Amino acid sequence: MSTEAAKRLLWLDDVSILFGGLKAVSHFNFHLKPRELCGLIGPNGAGKTTIFNLITGVYKPTSGAITLSGEGITQHPPFEIVKRGIARTFQNIRLFGELSVLDNVLISYHMKIGYNYPDLLLRTKRFVTVEADRVKKALSLLAIFGLDARADLVASSLPYGDQRRLEIARALATEPKALLLDEPAAGLNSREKVDLMETISMIRKRFDLSILLIEHDMKLVMGICERIVVLDHGEVIAEGSPREIQDNPKVIEAYLGVD
Amino acid sequence: MFSIFFRPCGFLALSLTVLLTGCIKKNAGDQTEAANRTELLFGEYGSMTGPESTFGISTHKGIIMAVEEANSTGGVKGKKIRVISYDDQGRPDEAVTTVTKLITQDRVSLILGEVASSRSIAAGAIAQQYKIPMISPSSTNPKVTEIGEYIFRVCFIDPFQGSVMAKFAMESLKYKTAAILRDVKADYSVGLANFFASDFTKRGGTVVADLSYSNGDVDFKAQLTAIKGKKPEVLFIPGYYTEVGLIAKQAKEMNYKGVLLGGDGWDSEKLTEIGGDAIVGGYFSNHYSHEDKNPVVQNFVTRYKSKFGEVPNGLAAMGYDAAIVAIDAAKRSADLSSKGLRDAIANTKNFQGVTGIITINDERNAIKPAVVLKVAGNNLYQYVTTINP
Amino acid sequence: MTLHAFIQNLINGLAAGSVYALVALGYTMVYGVLQFINFAHSDIFMLGAFGGLYLASWLAGVHPQPLQLALIMIGTMAFCVIVALTVERIAYRPLRNAPRLNVLITAIGVSLFLENLSQVVFGADPQLFPSIIKTVPLLEGDDIILNNIQVLVVGVSLFLMLILHWIVHHTKLGTAMRAVSFDIQIASLMGIPTDLVIAFTFVIGSSLAGSAAILYGLSYPKIEPFLGVMIGLKAFVAAVFGGIGSIMGAAVGGIVLGLAEVFTVYYISSSFRDAIAFAILIVILLVRPQGLLGSVRKVKV
Amino acid sequence: MNKRFFLIAIPVVAALYGLDYFLNEYINEYVVRVIMNCGIACILSMSLNLVNGCAGQFSLGHAGFMAVGAYVAATLTTVFPAGPSFQSHLGVGMAILSGGIAAGLAGYLVGLPSLRLRGDYLAIVTLGFGEIIRIVILNIEAVGGPRGLPGIPRLSSFFWIYVWAAITGLVLFRIIRSSVGRALLSLREDEIAAESMGINTAKYKVQAFVISSFFAGIAGGLFAHYQGFVDPSSFSFNRSVEVVIMVVMGGMGSISGSVIGAIIVTVLPEFLRFLDKFRMVVFPLILIILMLLRPMGLLGHKEIWQLFRFKRSLKKAVA
């Protein structure tokens, strides 16, 4: 493996996907470095969420390849991809609404279940200790987001902002190498947005991971991202530091339209 | 807040107490209790609802009539007879539940039922277990009375009925080739078809086609296409009238010209109603004919007509006979204990029923003749011949 | 013999399949709009058959026969529409935002209720559907028989399907229906009166069931309260097979199922008549879940 | 296995044994029969709840799995040449267990297509499988085809039925209160999110089907061995619907709710016998009204004891 490749945590090589003859994403080339915080922006319908769905295996690309830490994951189902270290949140929150806050996080620990059917049926020592450890771990994770006191509440009863945070906590519980956040600031007020910016920076430091962020709020994206990729009509139209993007005429054109 | 939960809880508790008051077990072998009662209890179970409800309802009418007549002439040994009837929805498991209830809760002395052999077999095991006599009015499968010495029937059995039609087709109609269209979902039909086939071949005939349908089907054209290709002289359809009418109609539409034959399942005014002129000219075996000039039969038909406003079909007549055999046995029995009733039923000899002279043999089956009827259209069934066992 | 038998089976299967197709349309339309299996549809069909039976006795004096048949058919369709709208208003509409499972269970409940109530009202004993039109063979070979009822069944079915196709694709109402089936919320935001459109879907579905009931009664004149159960299930299978939501699909599915059954009975055994429908269903759902003519709907994430 | 388990289990088994003796000696058989019917209904509804209530996969074919269990167990004790050697409590227990395993295998086969289908489609496919199983049995002459299979040794007692009901409840409860159970619940809540949190949805759907069918098979075996007779009509679509009604009435995902639902659906018709032919009209009416007025069922997602706990915490909050 070359040193260049080693720098890439996640690599999308010439990825395209067709929906009913329509190219939703076309020849998309992208890589995410370890511990990088990268923004993915573009007007509505540019294909940003589709890219998340491609990376996490919800959709399979029509052509191209996706690699994570040197391993091809293009054809893996979503749950395999999570196991290999990519976690995500959803644009329109998809919590397990009827379950408790704690259960929402505990579900993410399931892939490392740690016991088998005889253990759970007979309530062996292994089962009891594993479960207790999980709960402890989940509570301390929730504590980071200030949700530990409300661990027993039903997730859908939380206020909107807390649901967003819970979704991030749930994704972090899978212990990912890369975290994909799909419009985490949508629907938040400006105070909450400032909190969220801090939270995102904190997560990256504390959990030592890369973050790919879809966001419409330019202030937020420009404020925390090191690198920004701009997408329009399924194609990359610009890439660079926040400053470079801000001044790029193509980006302005894409957002404001041409007369 | 608590009331939301406790209200159903209280309801459950209440219903449970109601349930429990009537459920203390009485000594199962206690016959003095039955003897000391002021009335004689008969239990009846049958399909009063569900797709086969028509059988249960006809039988029920016959039983009710028999019991009312007996009560109007003073009952049995000074006791009035009361019938407790339950619906089994045409389900064997429900039949077992209802018979258990009749025996252990209502504590009847005798049980009447069922029409369908599958339900008689399922519930008969319970009657046998508690040693309560059961008389099936019209379950023709041999297995029913094989359950044990407390299970009887007042009808002939499938092997006999199957051979009746085989004999009739060969000897009276002089046909040599036959096709069979059997209802595979009905044990009755399968049994009859098997016995017909073996008897018909034994007598030197050939079964050229043996096809099947399931009750509830409405389209038989595929089977009839296949049968027509084999050109049989007769087509034996040992099914229920519900399907036979349609089969006859479609056979006519398909231009099949052979003669149709069937069993007692044909017996209903609906047969000619649905079959129309397509079924005219067909022959079937039956327990009795309401055309029978025998005064016993004519008397029964008149009384039934005035009571229910319709002509009694075979099932009603069988229900009636089952009940009068039971009543007769009760009159003859030493006491009204279940053992006494059983022995009296077993000793039934040359008893004049509506459906013929009934003698119960050692296998607890009725030895009696079958009649062959010819469908003459417009709900007319001409008596053709009587075939003795 | 084999070729003649084959053609004969083809004719019989086509006539049987047409009835499935008409009933299947009711399922496919309601499913297309509301995404739930209207289990009660089969019982609307059954009630239609009884309605037709009583109408026929009231209209027995009407001549000529084609007029009488047309009146009975229209009357039955109206009757089915009234029943279906009542069911929709009382049982389904209050559950519009409830989980789909609840609606499905309610539909099963309505279906059982209608069946058992009909049994109390009409009795379980089968009744004769009057032969409004006498069966006359049109083609009477030694091996192949074709009668007027079969032609009528196929003809009327085809005619009704063409009308339906025209309503759905060439009228404003049809456009509204398609919009609602695409996304009920967006349609409602666009100012489409969704409740009305849904009600209209039930109107079309149930009137087709009513007409199917008359055609059924003419072909198989034996009517009983449980007759809808199997036909309903098979019609639904036909709808899924053809691609749910697709009118052509329901038509094709119904006819394929009719043919498959006839050939199964002829070449294999009648005991597998009901099994073949479900086997087809399972195979199609595994191989092509969207059905023969259905379109794939991408899950929104 | 811990000490607490035995501290509870041994008295429970002893109590069941004592109750068995009491019922046989002092209570009339009809009532005992209804109680036993309740036990079997409980096993069926609890097991279906795992698929319908917890995993959110709508199955309408439970009667089919029950049929497999009933027929396999009954074949072992009745038709099978070595049958008589099975005609003891141990033998029947083994036969019933085999029936459960066979039903579990059938559940595996049915579970497979469920990987690709959801909601109503799955409902109709399971319905289809249930019917196919029934039609196949109808065509097996060795087990009596449409005539049914009589002469099955009647060895399932109150004790055995309720021991199995207790085992079913315990197993299902422990599964639900484990990581596997949470994985199943996540399927019900949101399959895509579950998959994105590392849950192999396909695997757990199939597992839910297998476990659920296993217990349905056990219920079938018990049913056959106290009925003494089985025939295909006992396992029709209506039976599946009955079990669904139990689950829905009690509350989706609530094991104790399923028990309550099973008891109501089994006992209520016995009380409604006086309604005669209207009995079968009232029943669906109750279902419709329940769906309109209390769509979550009697207990909703909660277990019966959670209702108390919920109130207690509310009280605390008020105080």
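Letters A, B, C and D mark the chains in the order given here, with residues in each chain numbered from 1 onward.
In the analysis below, contacts are C-beta pairs under 8 Å (C-beta built on N, C-alpha and C of every residue); 3 or more make two chains touch, one makes a residue touch a chain.
Quick caveat, the model's predicted, so the values are computed rather than measured.
J.: Where the centre of all protein Cα atoms falls, which chain's Cα centre is nearest to that point?
T.: Centroid comparison flags D as closest.
J.: Just grab the chain with the largest centre-to-centre distance to chain B, centres being mean Cα coordinates.
T.: Most distant chain from chain B: A.
J.: Centroid of chain B to centroid of chain D, CA atoms only: how many Å?
T.: Taking the average C-alpha coordinate of chain B and of chain D, the gap between them is 35 Å.
J.: Could you state the distance in Å from the CA-based centre of chain A to that of chain D?
T.: The computed centroid separation for chain A versus chain D comes out at 41 Å.
J.: What is the distance, in whole Å, between the centres of chain A and chain C, each centre taken as the mean of its C-alpha atoms?
T.: 47
J.: Give me the residue numbers in chain A that touch at least two other chains, ranges are fine.
T.: Residues 58, 90 of chain A each touch two or more of the other chains.
J.: Would you mind listing the residues of chain C that make contact with two or more other chains?
T.: In chain C, 116, 119, 269, 271, 274, 301 touch at least two other chains.
J.: For chain D, jot down the residues that touch at least 2 other chains.
T.: In chain D, residues 138-139, 192, 277, 280 touch at least two other chains, as defined above.
J.: Taking the touch rule as given, give the residues of chain A at its contact with chain D in the complex, in rising order.
T.: 56, 58, 77-79, 82-83, 87-88, 90, 94-99, 103, 106-111, 113-115, 117, 120-124, 127, 131, 134, 170-171, 174
J.: Write out the stretch or stretches of chain B touching chain D in their complex.
T.: Interface residues on the chain B side: 1-2, 5, 8, 12, 15, 19-20, 22-26, 48-49, 86-87, 89-93, 96-97, 100-101, 103-105, 117-118, 121-122, 125, 130, 141, 143, 184-187, 190-191.
J.: Would you pull the chain D residues touching chain A in the complex into a rising list?
T.: 1-2, 5, 171, 174-175, 178-180, 182-183, 185-186, 188-190, 192-201, 301
J.: Going by the contact rule set out above, which residues of chain D touch chain B in the complex?
T.: Answer in residue numbers: 25-31, 33-34, 37, 138-139, 145-148, 150, 154, 223, 227-229, 231, 233-234, 263, 267, 271, 273, 276-277, 279-280, 298, 307, 311, 314.
J.: Please name which positions on chain C make contact with chain D in the complex.
T.: Touching chain D from chain C are residues 31, 35-37, 91, 94-95, 98-102, 104-106, 108-113, 116-117, 119-120, 229, 233, 236-237, 240, 269, 271-272, 274-275, 277-279, 281-282, 285-286, 289, 299, 301.
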